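Shared between the two complexes below is subunit A, which has subunit B as its partner in the first and subunit C in the second.
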Partner chain A sequence: MKRLLLTAGLIQALCVGEPVQAATCSCAGAPVLIYLDTTAVEKGQFFLSYTAEDHQINDLVSGSQDVPDETGRDRSTFSHVLSASYALSDYWSISALTSYVEHERKIGSSFFPKARSSGMGDSVILLRYTPFFITPFRRHELSFGAGVRAPTGENEAADFFILSEDMQPGTGAWGGIAWASYSYAFNQAATVQFHASANYLHNGENDRKYTLGREYNLASGFSHSLNSRFGYSALLRYRQSDPDRRFGFELPNTGGEWLDFVPAVRYSFTDRFSAALSGRIPIWRDLNGALQFTTSYSWAVSLRYGFR
Partner chain B sequence: MVSVRYFLLTLIFCFSPLSAADGTAPILEGDDVFSGRAVRLSDYRDKVVLVDFWASWCPPCLESLPAWEALRQELGPRGFEVIAVNVDENTSDGLDFLRERRVRYPVLADPEGRIGIPWGIRTLPRYFLVDTQGNIVSDHRRFRSRDVEGLRSEILELLHSKTH
Partner chain C sequence: MRLGLAALLTWSVAAIAEEAPPFYINPGLNDAWFNADTPGQGFLLTVYPDIQSVFLAWFTFDAERPQDGAMAVLGEPGQRWLTAQGPYSAETAELTVFSTQGGVFDAASPPAATDPAGVGTMTLEFADCTEGLVTYDLPGAGLSGEIPIARLSNDNVPLCIELAEAAIPACSRPEPDRSHGVDDPVVTNFHMVPPIDIVDGGPGPDGIPAIDNPVFEDRAGPSTPDPQQLVVGIRIGDQVRAYPHDILDWHEIVNDNFLVNDQPQPLSLSYCPLTGSAMLWKPFEDMNDPTFGTSGTLYYSNLVLYDRETKTLWSQMLEQGIRGLRVTDIPDRLPVVETTWETWSSMYPGTQVLSRDTGYSRNYDDYPYDDYRDDNTILFPVPNLADGRLHRKQRVLGINVGDHSKVYPILNFPAGIEVLNDQVGDMQVVVAGSRDRNLGVVFSRQLEDCTVLEFEAVQNSLPVVMRDSEGSEWDLFGQAVSGPREGTQLQKTNSYIAYWFAWTAFFPGSEINP
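Right, the complex of A and B next:
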């Protein structure tokens, strides 16, 4: 009860690039992993959560420099993510999520000023092993996880033509995930905790011969439960993504490095039902190529219900 | 498409509910923090026992202590007992609370988890109902005052089956 249930944000979102060589868009994909519930659970516990995220992708960046955008562009992704976790035992648990994604892009000076797509996004299933966890008698928690991202989403959405990869609700490719996290409780009630995590995402090739870049993520931060109702957390998240590939060739203006600040607040209505509000604010980035559109900010609302 | 189907089937299989089996209560023994008297769960084989793990930093736990005291006063003569295990790292924190709201049932101190770890304590509140044979018959992870009536019925049922 005393433990802040906000470790979900320790895994970075999938990154979907665009297969053209102009100013492309990084991190435009649905947040398939970021809202995966990775909270340690006791045997028999079941958690369900729903998250809605608004992701604005309008910053134009050259390397690490912001560039004024004069195209009148407006690019956003709205995602609905449903996730579930079940503890098979005190040490083993399984988490899964699926998503529904809505993309929208407006370009003022373009012949096709508006593009929209929506549909089922990809799904993820993750098996987690927690050899030791925080209890009233232990301050440390360590978890390892491995899983797959399944191409359950639509990836042939079209306007006049098939839309670019970053406008597709799904990636169309399988992916593999390896993940580890560590938490330390500063007091016996575990109301103040330090969190650190690392994960790796390997992306396969889809049927249009497009491969998203491999991703490496590191995150660390603190969470604090003020009482049984209110809590907050603050994380720093670093992400490095390799360039995307088409037919095995690297695409310029895709991939790079990002450092984001991820604040979140949580309110528990009961000991089973809680809501959280979180954001993602870019601090620094150094992106590949001459120009890339990337995250301006994102915010999300989550509802979570747990039972046995 | 076939692989997507296998993925979904795997998902359904993995989320099928598993049953949680109750079993024999682990060893519970120590000294009562007030009287110094040795307390062993195995000495209560003829009684229905509520084993309550609590700490001073757990508000629902503090709320539950007077409720257990009231249950014990009512049902004690019929064969019901409470054994509380305080898990505060500094046992004095728990004792300070008990000095203000005295309970008559035995309270053991377990700052290092000698008792709590074998009982699988990960979060608080946590309390168990143990029957006259030493078996855990119910395991509770939350306390709300409105749940006490249900627990009372459960105890009465166990006491009734003890006498028949």
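Right, the complex of A and C next:
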């Protein structure tokens, strides 16, 4: 039975998770989960996607209050993400991702030039089990997954000195991922769907004794396919991150809670080839410590091709 | 008196230094000097005491005999002369050797020229008024060696002895090290410390903004700190200012200006919240921009400043340039007193206090590092963490004298003022501190005339904290405010307050005052 894809692939990807956070500002933007393709669920399906994301990290926040930043900070991360998913059977599938990450940091009031770093980011592989998926005769889809994040990324990027953890393209540490998602189709054609997902990311310690905080992500929202070509979706995504640690000690001003609005639109050029535009807009956050820089917004363009 | 050759060859300054008081180069050495084993060669030496320099003319021959048939109009083709000049200190002069070329006998043209870089180096050492040792290195000619020298005539020896004795200081009060770092740091590619030990703290350069236009209020203004709030106190002449820790925690540097002799004097106060250390630096006079900013990096978890003119990085606790054009340079330091606002404002009722109107939106009631001040947390790499003799965040008054360092935990002082007459290395010091007032200061108690004073504590008279055996009373800034020594300033020391973990990272093996 053919799976009804429509906009599901789009929203499932966006449901997966959040960028890895890091360092003293909970602001790093190397996406290892958010753009992981999890579309393939039917035996033999194979999808390949590329995503380019611009992540602006210039909001200064004290707890849940925005604070004016008189330093003129300009911090951004641009990521290139290549992801693939392949269904080994009608129940088992595998997703993988690798990335290339560029960080920039400039304090407008500073006499120092912009600091830059770039390099391979971390990679993820996720094994998924989908006991049932949406078909013309079934309204529900449920998936579970477990995976690892491999430290394939550059983690000793330097600008005279080794840059801080949030400026490193990779985390330098292994991570473990637990993942689950659920979708419900409101009609037989599955043009309107409800989605929910949850995942947990456990981070290991890198060579510099730095450990990113554990992350818990919840997301839910709706997708709507207007026709066979065009669809859109809207999600609310909640993330909670523990403080980062160095030498086992919690670092002040890291971790917290975020609630983001994630809108997306997709256009399918053919049955196999589609493009999507998505964004991330902060709605609410309550961050640990006295002051943190965090996401102002992000936007991304994705291209995806299905080989079968 | 002439020593034999064997004796001269075994002559060493070190040996002399152990057995006899140091000799001082003086104009009584002006003379002709030679080595009896190399007749026909020698030196003419002139000492210029006003500029602490030595000039020397060296008359010698080429390293090889000229080829047969070589001609010279005047003199012999193998004759050579060199000059050398440079500064001297005590018994040693370090000279640059020059070779003048291109001239013609008693003629202005063609002009003779001398390469100012020199052709080599020379060290001149004198054991006494009659013997010396020339050590030369002429790399271009591949020549180096030592030449024991003696006077051609002893006519000037009595004068030399008289001047040398007069040059001996009446006493030898130890001078504080100018830097807390190693005396002769190795500089590699403009770095004084291994680059790997300088770490990015995260916020980036100037991500923690310095206060460049500080505003001050009187003690009853809206920025008045809580009574037990720690402040960094500065007194320059009659200008008295307090800088609360709760503002410094967020900015770390205040680029301030004072009036000294009616002239504006820029001074930069830095405070590192991660190491609990405060310093006041006088920028170099040749700086067009005398201000500092936060570099966003840390060295041993301690603030690294940068000067906005050359972008040189400066370690706060080393008080020295560690990377850049001014690497190894050491700024002039001025004393600060850290204590509670209650204590400071009662000592100096007319004090100004740094306003919270800094131009930045910060909640100064909120400490930015959670429980860091009190817990065992270490946020960045530091060496010597295994030294757990004190709690990592215990505030200690530390002093560094050469290879010796000692700390006085503030908590170990009694509630009232305690004064300790102590010795650290070869320096006689006096320490004053109070647990309840959360303060500690240390000065040399040896005066310029080498008198070593003994002090006792004075209670309830702040800022006066001690009285010497002659009856003079002294304040927290080490100044005699009454008695026969009134107006005298005790010599400052290489000392400051810091968290224990930071002090022992920079000065491992420090003695702890019980």
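Observations on the structure shown:
One rule holds for everything that comes next: the second predicted complex is superposed on the first by the 277 of 308 C-alpha atoms of A that agree within 3 Å, B and C clash if a C-alpha of one lies under 4 Å from a C-alpha of the other, contacts with A are read in each partner's own complex, and residues count from 1 in each chain.
As a convention for this text, contacts are C-beta pairs under 8 Å (C-beta built on N, C-alpha and C of every residue); 3 or more make two chains touch, one makes a residue touch a chain.
As the structure is a computational prediction, the values presented were derived from the model and not from experiment.
On the superposed subunit A, the positions of subunit B and subunit C stay apart, so the two partners fit side by side.
When the two structures are aligned on the shared chain, A:Tyr86 is found in touch with subunit B, with no touch to subunit C. Once the two structures are superposed, subunit B and subunit C can be ranked by residues of subunit A touched, with C on top.
In the superposed model, A:Glu42 makes contact with subunit B only, not with subunit C. With both structures placed on the common chain, the touch criterion links A:Ala115 to subunit C but leaves subunit B unconnected.
If you stand at the C-alpha centre of subunit A, subunit B and subunit C are 160 degrees apart, rounded to the nearest 10. With both structures placed on the common chain, the touch criterion links A:Ala96 to subunit B but leaves subunit C unconnected. Touch criterion met: A:Asn253 reaches subunit C, while subunit B stays clear of it. Once chain A of one complex is fitted onto chain A of the other, the partner contacts of A:Ser64 are absent, as it touches neither subunit B nor subunit C.
Figure legend note: subunit B and subunit C, brought together by superposition on chain A, show a least Cα distance of 22 Å.
The part of subunit A that touches subunit B in the complex is made up of residues 1-3, 42-44, 84, 86, 88, 90, 94, 96, 123, 125, 133-138, 148, 150-152, 174, 187-189, 228, 271, 308. Subunit B meets subunit A in the complex at residues 3-4, 7-8, 10-11, 14-15, 18, 20, 55, 57-60, 87-89, 112-113, 116-117, 120-125, 141-142. In the complex of the two chains, the subunit A residues touching subunit C come out as 23-25, 62, 67-71, 73, 75, 105-107, 109-112, 115, 159-167, 208, 246-247, 249-253, 289-291. Contact residues on subunit C toward subunit A in their complex (touch as defined above): 195-196, 198-207, 209, 293, 295-297, 306, 308, 311, 323, 359-363, 366-370, 372, 376-381.
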